[in-house]
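I'd like to ask you about the structure that follows.
We call the chains A, B, C and D, going by the order they appear; numbering starts again at 1 in every chain.
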Amino acid sequence: MLRPRCRRPRNLLERSWRILLLELRSQNWIKKLGQRNERWRAAQRYGTRQDFSHNGSFHEAVGAVLVMAQCFCVMPVRGILASTPDGLSFSWHSWRTWYCVGYMCTTVLDTIFTINQVVHGKLDVRNMEPIIFHVSILLASVQFLHLARKWPKLMHQWACVEQGLPKFENWQQREHLARKIHRVTFVLMMLSLTEHLLSIVSAIHFANYCPARKDPIESYFYSSGSQIFFIFPYSAWLAWLGKAQNVLLTFGWSFMDIFVMIIGIGLSELLARHTICLKSHAERDMSEAFWTSTRTQYRLIVELIIEVDEAVSGLIMLSFANNLYFICLQLLKSINKMPSMAHAVYFYFSLSFLLIRSLAVLLYVSAVNERANEPLGLLRLVPAATYNEEVARFGNELAGEEVALSGLRFFSVTRKLVLTVAGTIVTYELVLIQFHEDEKEWHCGTD
Amino acid sequence: MLRPRCRRPRNLLERSWRILLLELRSQNWIKKLGQRNERWRAAQRYGTRQDFSHNGSFHEAVGAVLVMAQCFCVMPVRGILASTPDGLSFSWHSWRTWYCVGYMCTTVLDTIFTINQVVHGKLDVRNMEPIIFHVSILLASVQFLHLARKWPKLMHQWACVEQGLPKFENWQQREHLARKIHRVTFVLMMLSLTEHLLSIVSAIHFANYCPARKDPIESYFYSSGSQIFFIFPYSAWLAWLGKAQNVLLTFGWSFMDIFVMIIGIGLSELLARHTICLKSHAERDMSEAFWTSTRTQYRLIVELIIEVDEAVSGLIMLSFANNLYFICLQLLKSINKMPSMAHAVYFYFSLSFLLIRSLAVLLYVSAVNERANEPLGLLRLVPAATYNEEVARFGNELAGEEVALSGLRFFSVTRKLVLTVAGTIVTYELVLIQFHEDEKEWHCGTD
Amino acid sequence: MLRPRCRRPRNLLERSWRILLLELRSQNWIKKLGQRNERWRAAQRYGTRQDFSHNGSFHEAVGAVLVMAQCFCVMPVRGILASTPDGLSFSWHSWRTWYCVGYMCTTVLDTIFTINQVVHGKLDVRNMEPIIFHVSILLASVQFLHLARKWPKLMHQWACVEQGLPKFENWQQREHLARKIHRVTFVLMMLSLTEHLLSIVSAIHFANYCPARKDPIESYFYSSGSQIFFIFPYSAWLAWLGKAQNVLLTFGWSFMDIFVMIIGIGLSELLARHTICLKSHAERDMSEAFWTSTRTQYRLIVELIIEVDEAVSGLIMLSFANNLYFICLQLLKSINKMPSMAHAVYFYFSLSFLLIRSLAVLLYVSAVNERANEPLGLLRLVPAATYNEEVARFGNELAGEEVALSGLRFFSVTRKLVLTVAGTIVTYELVLIQFHEDEKEWHCGTD
Amino acid sequence: MLRPRCRRPRNLLERSWRILLLELRSQNWIKKLGQRNERWRAAQRYGTRQDFSHNGSFHEAVGAVLVMAQCFCVMPVRGILASTPDGLSFSWHSWRTWYCVGYMCTTVLDTIFTINQVVHGKLDVRNMEPIIFHVSILLASVQFLHLARKWPKLMHQWACVEQGLPKFENWQQREHLARKIHRVTFVLMMLSLTEHLLSIVSAIHFANYCPARKDPIESYFYSSGSQIFFIFPYSAWLAWLGKAQNVLLTFGWSFMDIFVMIIGIGLSELLARHTICLKSHAERDMSEAFWTSTRTQYRLIVELIIEVDEAVSGLIMLSFANNLYFICLQLLKSINKMPSMAHAVYFYFSLSFLLIRSLAVLLYVSAVNERANEPLGLLRLVPAATYNEEVARFGNELAGEEVALSGLRFFSVTRKLVLTVAGTIVTYELVLIQFHEDEKEWHCGTD
């Protein structure tokens, strides 16, 4: 592997301070709290321009998103708001990790309850839905935990690659990545929230329609946590716990897609910056040394993409399989008559949201492949006079490799995948419809 | 991007005249009318040989087709009959644009009426037909409007590429492109017209068969504009408006395919001219400079294809999806018994027309890819003595890239796509047939 | 195109004799008959070793097969037994052509009768069988007629390529191609004959089982020419004509596949001879001139393959589509109960024959692609010391092109196609089986 | 082909001893027995360190597995425990071969009995199961016999390639291959054994449930050898013979997959060793000679892979087709209600085992392709200063070829195949389910 030389801003002082910290960690909780308090106070002082200006790094851009993720028990890595990736670390002894592992335990319990409930009902491709939902989120949590351990090293490599790229020219460029990531996250979280609220509204309506309990709210809780009350008698605190778990699961389900998108955005941004630099020089009379450095830079980015792919391709696989399954299922349900207007609104909003989110994931992730192919077109514009061995080598390397994120390397995520997936959905749908009986759905007593 | 140096025939006088025009535009309508009148008179004088001779440019060849298109409210770009692409321009304040936007508004209305009617009926894959028809034409109109804005720049680039190619040797060669485009357009428009007339004949026959109104003509209008009379009571002028809208829509539906074909023809002609030149030199003892210029020329064509693809790939996607859907639907209907001979004739003519048109679109568009691969074969015939760095580079570049028009870059249009599409149609058809009930179709009261 | 210099053995004398012949042709039939008579006598004298020795050319090897084909009214080209391809010619005024055109006319008539009969019955994917059978043979006849016109030029080019290849070392090698072609033709013709005889046996048995006429033979003729007797009343000479036509059609159906196989064998033999020569030199210390000539030779073969593909790809498409359709159909029928042992034997023999023949066509045709890729592997063994510009060029050209026969260029025939076709058959079969009703088949009055 | 120079440790003495052996073979059985006895005694003495240390060769690693295989009548090759591949030989006159051929004869008999039984029942895609099971094992036996004949030459070539690779650094590395192969074999054999025992348990339970005979054990034997007792009356020794045959078949069925996996492991290990060596040198300043030798080494491995593929691709095809069929079938059965807990446990264990084993085969075999692509990535890291002609040639060769094991060259086994296979299974499954009637299975009197 190319070993990028990159300035690690660690002087002696810092290093010794770190050693001190490590020694003290296990003993003095109070000191730690004090430090946190200080940091909190520091955050309370008036912001200077420096505070709000971005340095344009991916680490910084993704920080806020990861904070949100940690609130919902995923990605237990420390130092996500640190100024450099060197501040990142993972430890099994952190409260974040404990929090996350605790969540995974309750998810396992919930999954067992769900399987228990489903197995006692009629087995069917549609009744499998809650099991698939639970199991895929459980797997995603495991993947995120695994990723958290690799995250510090990955972000460090990412930062090194960023340092090798040409400098930003103004603050708009610096802000660009962070704004894009925040915008995408915000929009998707809002849509996800709306969908969840609509699901509650329609479920309460449904609870009125065929009440399991007298009180409508109680009835709603009863139906939303039906896998729990299949075993235990109804109790308010169990209902609240079930609801909380349900919210966490729903977030995890959405976050899987959001995270994959963000990774796609980050990597294609790197490639775009590299391409812009190449674009402005391709037709000029550049030296062989320029081409060597350009090629090496590109190689560093590709190495990073391979590393990132190794870390997140499990999540990509999970996200794609999940979306494929739920789209097929929802389309299948779409033939049913809706029992009420509330259901219809919820259903079509939910379906559209699912389709748009899946398409967005595909397009953002495949953008990495699109961006990675752009330099090849530019190399073809290099004038004959300045064409040299290095340009030829760069061209050959580009033509002979496929740079793309993948799903466990079983498939590469390229733009042409969209059509394959669409064709698969249509085929499965046409065949699945034949098993469909209209009467089955939306009756009292079924999910 | 390679910046082709191309002589823009704009002297000072012309430029100042243009500025004058721009200043006067908003005020003196009368002057404008006068100018138009003059042009009209100029057109009335006896034609000289110069008038009827072609210069062989795509801009000129496509002019007449675009005039026809504008009569039917698409492609509102000005100067389509100007002698050079420099005369082209787009403005939101032109009557063409208003005309076009007006048409889009009525289409939106008509689409809403149609959706309203369909939603009140039984939802089914076949009942979706009028909605898909309307929505796809609406999308195509938006695409055409979008394309009209890019058209002047695109045609300018196209003309520059044409100037770089070897000169025509005689008037047959100059005429060739224009004749081909006019022939294709004429044949398809005639077939489309015949199909529409047959549809009227069969519909009137059908109207007789199960009359919605007493008068057969009235009955026909009633059924052809059923989505309008689902809301409003029957009135003669509404019926005529509905019919006019219907004619415009049908034209738009056919024109989408014709336009895509014409673009395919134009681009493959460029590549063919380049290949002919290469063919006559490949086996001779050519200098390195010749190969550099040949490669640069080819590169310019490829750049143009990429630009054109960006502009029209939405239309290609629309046209292909549309044809796929309608072929599946018509084949599905083909199992039904026809109520009368008139229906049978119309139906099988319509189906054959659809199949032939779709195949023609595929073949003409994929010809771009076929033509683009031809130089590679010729390069392999270059004798060892004159083989040099430039030939090697050209060969490598050709072997490593796929030049083709695409459907939103989700798929490339190559000749092998034909089989994929055919296979998809057969598969879907075999599955769809199972949902088919013979009794449903051709009864009074259904479309 | 590379213009291979090849010795055409035509001196002045011969040329003038030819001119003479052309002048005399229209007038003196008697002279011509006399010449034929002489040739006949010459053929009667005792054979010398020279007569029975092969020169190893494809033209010679394929001669006997084409004679057989001409007996069954296909490939009306003259001079197929001439010693060199220069003796080949095509003329519209030859009796062969008239014979062939006559056959096509009767086939058209028969096809119309068949369509007439089928249209009056129940339309169904299985009832289409005789129409598809007739139409595909008709199309094949047209293709063969078209091919006959190109044949002389094609064989001339083929002979030139053969002359460029290394000489044969012994008579076994010279005989090899002819023996292989004759063996394949003989085996397939015998199997085809057996299948036809079995079909007669089972049909006579069937005719006994549900007799249409009193006499069993008459009954058989009646059922085998049912499309004729659907219009005309039964008469013995019509029955014999119908049977003769049926035999010709069946031959045409089999010959299509055989011919495609022979073309595949011929081309892969060329490539194999080139590869053998390369194999013995690849690891030795060869000069650049050797590599230039090797590359040029290979290029000539590829040019020939492209020419041949243009001429026969229509037949390949027809043969593949035909086999695909009939395999699906026969597999579908295989679920039926057979009315008698004779039927069962015939049916399973027929199905096995169809499967084996189709697989053989695929494998022999795809062998062209397999052979064409072999030189690439050998080039990789060239030692570093003798590796030069020409080897690199040859390697690049080989790696960047796909040499294969194709079906109208919609698909290339490679070995991997086998699996695609098999997968398609299984998928279609699984879906088709659902339309199947057991009672339909093998009843009196159906085919 | 590159002719690897490799030290064959055969001195004059050894050679003469061999000649002696050959001469004596046909006559003196007693001497032979004596030698075997000696070897047995030699094996009884205390092991020294030398005995337990591995030399890291594939021949040695695979020895124990082949011994096991020979116990179950496959791979009748002699000398599998010899210290070098030179000790390997195949002879038709060996008792191993006779043993193996005898087994094949009884399998043929058993297959005929099975076909006889199935033909007399109702033909159905599910009833074909025992036929497919028998026929595929029969074909596998033939393949293994064929492979045994090629094995000595193949192992010799393999050993030569191994000698060319860099030396092992310590005994862990030397042991690595053998341990991996033994571990994989052990785990799969244990799972296979468990599955077979579970099948017996569930079958005995089933035999109790609907007893064919009074005694439950007898009942079990009766049902497990039903194809025999369909013809012959029940007798204890026939039952035992049938059971023995059944055990051998079941082993053969599992061993097919295990063997394919082992071949995959062996070849990818070779590539991995080559890559490790390349990895440590790629970024250093290496001479052109180093790259020549690296390229030649890689070429030798590729040649070996091609040879091995030719020998085992029939087995790969068989193993893949078999797994595909049985997965589809078992998934189809999974919808049935299980008659008892024993059946359910057996069924789900069996299905999971089948899925995991198939996936393992795919992943281990596709690892060859994965490993073969790794050097390409490393070549891209070669610094510009040391980049030379040889690196470029190596890079070009790597980029232009696909190194992978294949199924009769109809498909290459790459990681992306997994998804294709999975998609095929889902599609077939969805279509197949429609033929399914729940009542059919698990009734008395059916398999």
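FYI, contacts are C-beta pairs under 8 Å (C-beta built on N, C-alpha and C of every residue); 3 or more make two chains touch, one makes a residue touch a chain.
This one's a predicted model, so the numbers in the text were calculated from it and none came from an experiment.
Colleague: Can you name the chains that touch chain B as well as chain C?
Modeller: Shared contacts of chain B and chain C: no chain.
Colleague: Same or different: do the copies chain A and chain D touch each other through matching residue numbers, with over half of them shared?
Modeller: Different; most numbers are used by only one of chain A and chain D.
Colleague: Can you compute the centre-to-centre distance for chain A and chain C, using the mean CA position of each chain? Integer Å is fine.
Modeller: One centre to the other, that is 58 Å.
Colleague: Between chain C and chain D, what is the gap in Å from one C-alpha centre to the other?
Modeller: 41
Colleague: Listing for chain B: what residues touch at least two other chains?
Modeller: If we look for residues of chain B contacting two or more partner chains, we find 396, 399-400, 427, 431, 434.
Colleague: Taking chains as nodes and touches as edges, what kind of graph is this: line, ring, star, complete or other?
Modeller: Its topology is that of a ring.
Colleague: I'd like to see which chains touch which, written out pair by pair.
Modeller: Chain-chain contacts present: A-B, A-D, B-C, C-D.
Colleague: Tell me, which parts of chain A touch chain D in their complex?
Modeller: Listed in rising order, the residues are 1-2, 123, 288, 292, 295, 299, 306, 389-390, 393, 396-397, 399-401, 409-411, 424, 427-428, 431-432, 434-435.
Colleague: Flag every residue of chain A that touches chain B in the complex, lowest number first.
Modeller: 283, 335, 370, 376-377, 380-381, 384, 387, 392, 395-396, 399-400, 415-416, 418-419, 423, 426-427, 430-431, 433-434
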